[in-house]
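You will see subunit A twice below: alongside subunit B first, and alongside subunit C after that.
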Partner chain A sequence: MKLSFQLAFRNLIGAGLRTWLIVGILTFTFLVILFYNGLLDGWNLQAKRDAINWEFGYGQFQHKDYDPYDPFSLQNAHGVFDARNAQGLTPLLMRPASIFPNGRMLSVTLKGLPKNQRQLKIPVDRLDKQEGAIPVAIGKRMAKTAKLSLGDEISLRWRDKNGTFDAENVKVAAIFNTTISTVDQGQIWMRLEDLWRITGMNNEATIMIADQPMPDTSFKDWNYVNQEKLLQNINNVIEIERASARIIYFILLAIALLAIFDTQVLSVFRRQKEIGTYIALGMTKNEVTGLFTLEGSMYSLFSMFLGTLIGVPLFGYLSQKGISFGAFTADMGIGMGDRIYPSFSPSLLVSSALIVIISATIVSFIPARKIVTMNPIDALKGKLQ
Partner chain B sequence: MENIISLSHVTKKFEVGDGYFTALNDVSLTFKSGEFAGFVGPSGSGKTTLLNIIGSLDSPTDGKAIVMGKDIAKLSHKASANLRNLHIGFIFQVFNLLPVYTVFENVEFALLLQDVPKETRKKEVMEALEWVGLEKMAHKRPDKLSGGEGQRVAIARAMVKKPKILLADEPTANLDSANAHAILKTMKNLNKELGTTFLFSTHDEKVMTYLDRTVSLKDGKVVSDVWDNQSIQS
Partner chain C sequence: MNTARNFTGKMKKIILLFSFLFLGIMSGQAQDAQIILDKVDKNMVSKTEITESEMIIRGKRNVQTIGSKSYTEGNKKSFTEYLYPERERGTKMLKLEDRLWIYSPSTDRTIQLSGHMLRQSVMGSDLSYEDMMEDRKLKEIYDAIILGEETIDERKTWILELTASVENVSYHKRKIWVDQERFIPLKEELFAKSGQLLKKTTLSDISQIDGRWYPKKINFKDVLKSGNGTDFIIKKIQFNPAIPAYIFTKASLKK
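== the complex of A and B ==
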C-alpha cells in the first residue's frame, strides 16, 4: 500500500498540468460544497437561535383554539392558565386588531407580554407607562410598511372580551430590529397589563412560553408544543435550501468526477505499455488496478490539501466577519440576519471530504477494473484491448 | 549444474478467428544457470512467445514449463508476479521505461517492489547505473536519453535486483550498431560477473555473435540448438 501511494504520488506529480487542472476543479467543488453547507448551517443556527429568542422560547403551551396558521382563530384562542402550573412560563395574549396609519387601515395582531419578562427579546421593558396614548413596540419592517417612526401616534381598534369594538390611540415607544418577520410584520406589541386592561381579559393568555425545555404534557384547554415542533418550519425551509444547494454541488462534483473518469479511461488505454511493464516487473494485476484507482482518488487527497490551504483562512475569515446579504434579507419569510455567519463544524468538514474522496475513488475504480482483464503481453506491446 | 529452466513438449496456440494459430509446437529445451543463450528465427517463429512463457507472462497450452522449479501453468497470478519480482528481469525492444520517473527512479522501481530499505536501494541503484555507465544521468528523465542510454537504463532496471534469469526481447532492435555492441558487451559482462542466465529473442546478427548458445526456431519448432561455449555445454 505504501508503495502504491509512493507510485501514485509520483505518477500524478509527473503528469503535471493535467493533474493540477483536475485538482483545481475538485478543490473548487470541495470549497463550494463546504461554503454552501457552512452557509446553510450558519443560517440554520442563527435562524433557530433568533426564533427561540424572539418567538418560541423553549416550548409553548398553546390554547386549544389557537391555530398559528389561522388569524381568525385568535378571536377565541384565549383562556386563564392554571397558576399552579405556570411556574417558568411567560404569558402572551394575542388579539386581532386594526391600526390606521396615515388614513389607511392595516390589520394587525395585538400582542401583550409582561413588562418584566426576560424570555423573549421583544423590548416591552422599554414601554413605560405614561399619560395619554398606550406605548407600543413595533419591528423595523412594520415601521417601514406602516410608515411609522418613534413617537408617532396612531389609532388602534380592537374587540374586547365581549366582542365589542373599542379604540384608543397608541404611541410608538420602541422600534426593534429582528430577523424574525413573524414577530415584526403586522404585529403591535404592548405590555400585557395594558392589553388585559383594554380588552378586559385579565389573567388570560393565548400562549404560555416556557423558559426551559419541559416534558411533553397537556393541561385542560392547553396543548404543549415542544421546541422541536416549533422549529419545524425553519428545518423545512433549510432542508429545501439544502436540497437546491445539493443540485448545484452535485453538478459541480459531476464535472470534476467526469474529468477524473475521463483521465482514468484515457490512462488505462494510453498507459497500456506502462501497465504491462508494472506486471512484467512483478506487480499483480490487482495491485496495478489498485495503483490506478489510488491515482484517481489521490486527486481528491491533493484537492483536500489545496482546499485546506485556501479554505482555512477564507472560511475562518467569513465565519468571523459574516457575509452581508443586505436588503435581500428584509422580506424573507424566515429569519435571516443582515449578516450570516457560516458555521463549519468538524462533521461538515469530514462529511464533505468523504463525499469527494469516496466519489473520486469510485469513478477511478470503474475504468481501472479493466486492467484485471488485460492480457499483459498485449499491454506490453501497447495493443488496444 | 541444475536446470534453471526446463521446457517439456511446450505447445502454445492462440485463437485466431474460428481457428488456432500454433505459435509453439512441441518445444523441449533446458537451460542451466549462467547461460547466455538466444532464440533466433524469423517473425512469427515463436521466439517472443517462448520468452513470455519463461517469464510467466503467459502459460503453455500443452506441455510443461518449469522455471526456478515452478510449473508456470500452475502458478496463481500472485505467485507468478512474485516469481517475476524476485527472479526474472525483462528487457524490452522499446525499453518500456516509466516516463514520469527519472533514471534513478526507474531503476529503483524494481527494488521498491521488493520492499528493499531506502539506503540499500540507493546504493544498489547507483551500483546498477555504474554497471551500465549511467551514474551521471541518474536524475534525467527518459525523454532526455538517447536510444542506447534508454536501453542501458532498462538493463540496469532489470539487473538491479540481481535476478536469476534475464529475458531480453529484441533488445538491440531500436539501436544503432555501436550502441548495440556496447549494450551486448555490458550484458555479457554482467552475465559473467553475476552469473545471471540471459535469454534473448532476436533476429539481429550482432546479438548472435555474442551468444554462447543459439536456439533457432521456425514455425514454432526448434530447428537447431547450437552451442559455442564448450564449458557450458559440458
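== the complex of A and C ==
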C-alpha cells in the first residue's frame, strides 16, 4: 500500500503541468461547492434567526380565522384571550387600515404589540406618548415606499370593531431596520394598548407569540403552529436555491471529472509496457488497477490540500466580513440581510471533500478496470490491446 | 337667610323652565330633522329605477370615463352593466341584499365580493363597493338634528347633523345640506368617529324629472386623497319602470 502511494505520488509529480491543471480545476470545483453551500447555510441560519427574532418567536397560537397568506382574513381573525392562560405569550393584534402619505392611499396592516414586550425586536418600547398623534414604528422599506421620515405625521384610517370608519393622525416615532420584509413592507406598528383603544377591541389578539417551544395543542379559537412549521417557508426557499446551486457545481465537477477520466484512459493506453512490467515484477492485476485508481483519486487529495491553503484564509475572511449583495437583497421574499455571512460547518467540509474524493476515485477506477483484462506479455511488448 | 332661600328657589325654577324649553326645542328640531330626512329619502328613492350614467374618474395622470346602465329595485336589488370604455365593456355587477357579484367578460367568470374586498375602490374611483352597497334609509340608521341654515348657490339649505343610532354603520357622523324647497341634499360630508372629515359629496345640476327633483351630477371626493374626486353624471333616468325579475338573477350576468 505504501509502495502504491509512493509510486502514485511520483507518477503524478512526474506528469507536471497536466497534473496541476487537473488539480487546479478540481480545487476550483471544491471551493465553489464549499462557497455555495456555505453561503446558503449562512443565509439559512441568518434568515431563521431573524425570522424568530422579528416575527415568529418560538411558535404561535394563531386565531382559527387567521390565514397568513390571505390579508382579507384579518378582518375576522381576532379573539379575546384570557391573560391568566397567556403566560409566556405575547399578544399581537392585526387590523387592515389605510394611510395617506402625500395624498396617496396605501393599504397597510396595523399591528399592535404590548409596550413592555421583549419577544420581538420591533421597537414598540420607543413609542412614547406624543402630543396629538399616535406614535408608530415603521420599517426602513416602508419608510422608503411611503416616503416617510422620523417625526412625519400622516393620516391613518381604519375601522373599529363595528366596522365604523375612524381616522387620526399618527407620528412616525421609530424607523427600524430588519431583514424580514413581512414585518416591514406595508406594516404600521403601534402599542397594543393604543390599537385596543382606537378599535375598541380590548384584550383581543390575532396571534400570540410564544417565548419558548410549546407542545402542539389547540384551545378554543386558537391553534398552535410550532416554530418548525413557521420556518418551513425559509427551508423551502433555501432548498430551491440549493437545487439550482447543485446544477452549477455538478457542471463544474463534471468538467474536472472528465479531465481525470480522460487522463486515466490515456494512461492505461500509453503506459501498457509499465503495466506489463509491474505484473512481471510480481504485482497482481488488481494491485496495478488499484495503483492507477489511486493515482486518479490522488488528484482529489492534492486538490484538498490546495483547497485548504486557499480556502481557509479566504472563507475565514468572508465569514467574518460577510458578503454584500446590495440592493438585490432589499425586497427578497424571505429575510436576507445587507450582508450575508457564510457558515462553514464541519459536516459541510467533510461532505464536500467526500463528494470530490469519491467521485474522483470512481472515474479513475472505470478506465483502470481494463488492466484486469490485459494480457501481461502483450502489455510488456507494448502491443495495443 | 330667607332672601337667599327665595333666590335659590327662583333660580331653580328658571333653570328648570329653560331646560324644558331647550329640550322642547331640541326634540322639535330632531323631529323636524327626521321629517326632512324622510322627505329627502322619498325624493331620492323610488320603487324601481333605470339609469344611464357616466362615471368620470380623475387619476393623477389621466381622466377615465366609464359609462353604465343600471337597474334598481328598492334598495336591496341592483344590476349594472358597464357600456364603455372598451376595456370595461360587458362587465356586470349584481347586488342582492348584502351580496355582490361581478362578472368579467375577459375571463368569463363571476366572482362574489365579500369582506375586505368590498372596501376596495370601484374601478379606481373615490367610491368603494361598500359605499355603493349602503342600502339602508338614512332615517333608519341615523338620528338627525338641524344645525342651522346656509345658502349654497343661491339656494337656502338646512344643515342637518346625522349621528349613527346603530353600531354597524360606516360613517359615525354625516352633515347634509338639504335644499329647503326641493328637499334634495346639495352637499354632504362624512366623518370618522374621531370627527375627522373623510369624504365630501357635492350634488348639482338639479332637474325636475317625472315630477320630482333629482341631482344629475354628483361629485364624490375622498378628502384624505389628493385629486378632484369622481363625478357621477346621470344621462337618463326612469322612475318606477317595470323591470323583469330575471334581471336580478345571477344568470343575467353572463347574458
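The rule is simple: the second predicted complex is superposed on the first by the 384 of 385 C-alpha atoms of A that agree within 3 Å, B and C clash if a C-alpha of one lies under 4 Å from a C-alpha of the other, contacts with A are read in each partner's own complex, and residues count from 1 in each chain.
Please note the rule applied: a residue touches a chain if its C-beta (ideal position, glycine included) is under 8 Å from a C-beta of that chain, and two chains touch if they have at least 3 such contacts.
For clarity, every value in this text was computed on a predicted model and none was experimentally measured.
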After the overlay on subunit A, what do you see for subunit B versus subunit C, clash or fit? fit
Which partner chains sit in contact with A:10 here, subunit B, subunit C, both or neither? Use first/second/both/neither. first
Quick check for you: in the superposed arrangement, does A:166 touch first (subunit B), second (subunit C), both or neither? second
So, A:314: does it touch subunit B (first), subunit C (second), both, or neither? neither
So, A:254: does it touch subunit B (first), subunit C (second), both, or neither? neither
Look at A:286 in the shared chain and tell me whether it touches subunit B only, subunit C only, both, or neither; answer first, second, both or neither. first
Identify the partner contact of A:362: answer first if only subunit B is touched, second if only subunit C is, both if each is, neither if none is. neither
If we overlay the two complexes on their shared chain A, which of subunit B and subunit C does A:76 touch? Say first, second, both or neither. second
Which partner does A:274 contact after superposing on A: first (subunit B), second (subunit C), both, neither? first
Go through the superposed model and pick first if A:377 touches only subunit B, second if only subunit C, both, or neither. first
Once both complexes sit on top of each other, what is the least C-alpha distance from subunit B to subunit C, rounded to whole angstrom? 76
Looking at subunit A, which of its residues have contacts with both subunit B and subunit C? none
Seen from subunit A, its contact residues with subunit C in the complex are 71-72, 74-76, 96, 98, 100, 102-105, 155, 157, 159-160, 162-168
Partner subunit B, residues of subunit A touching it in the complex: 3, 6-7, 10-11, 13-15, 273-274, 276-277, 279-287, 376-377, 380
Help me check something: in the complex, which residues belonging to subunit B touch subunit A? 52, 55, 57-58, 77-78, 81-82, 84-86, 90, 92, 94, 96, 98-101, 105, 109-110, 112-115, 157
Given the complex, residues on subunit C that touch subunit A span 115-117, 119, 164, 167-172, 190, 192-194, 196, 198, 222, 224-227
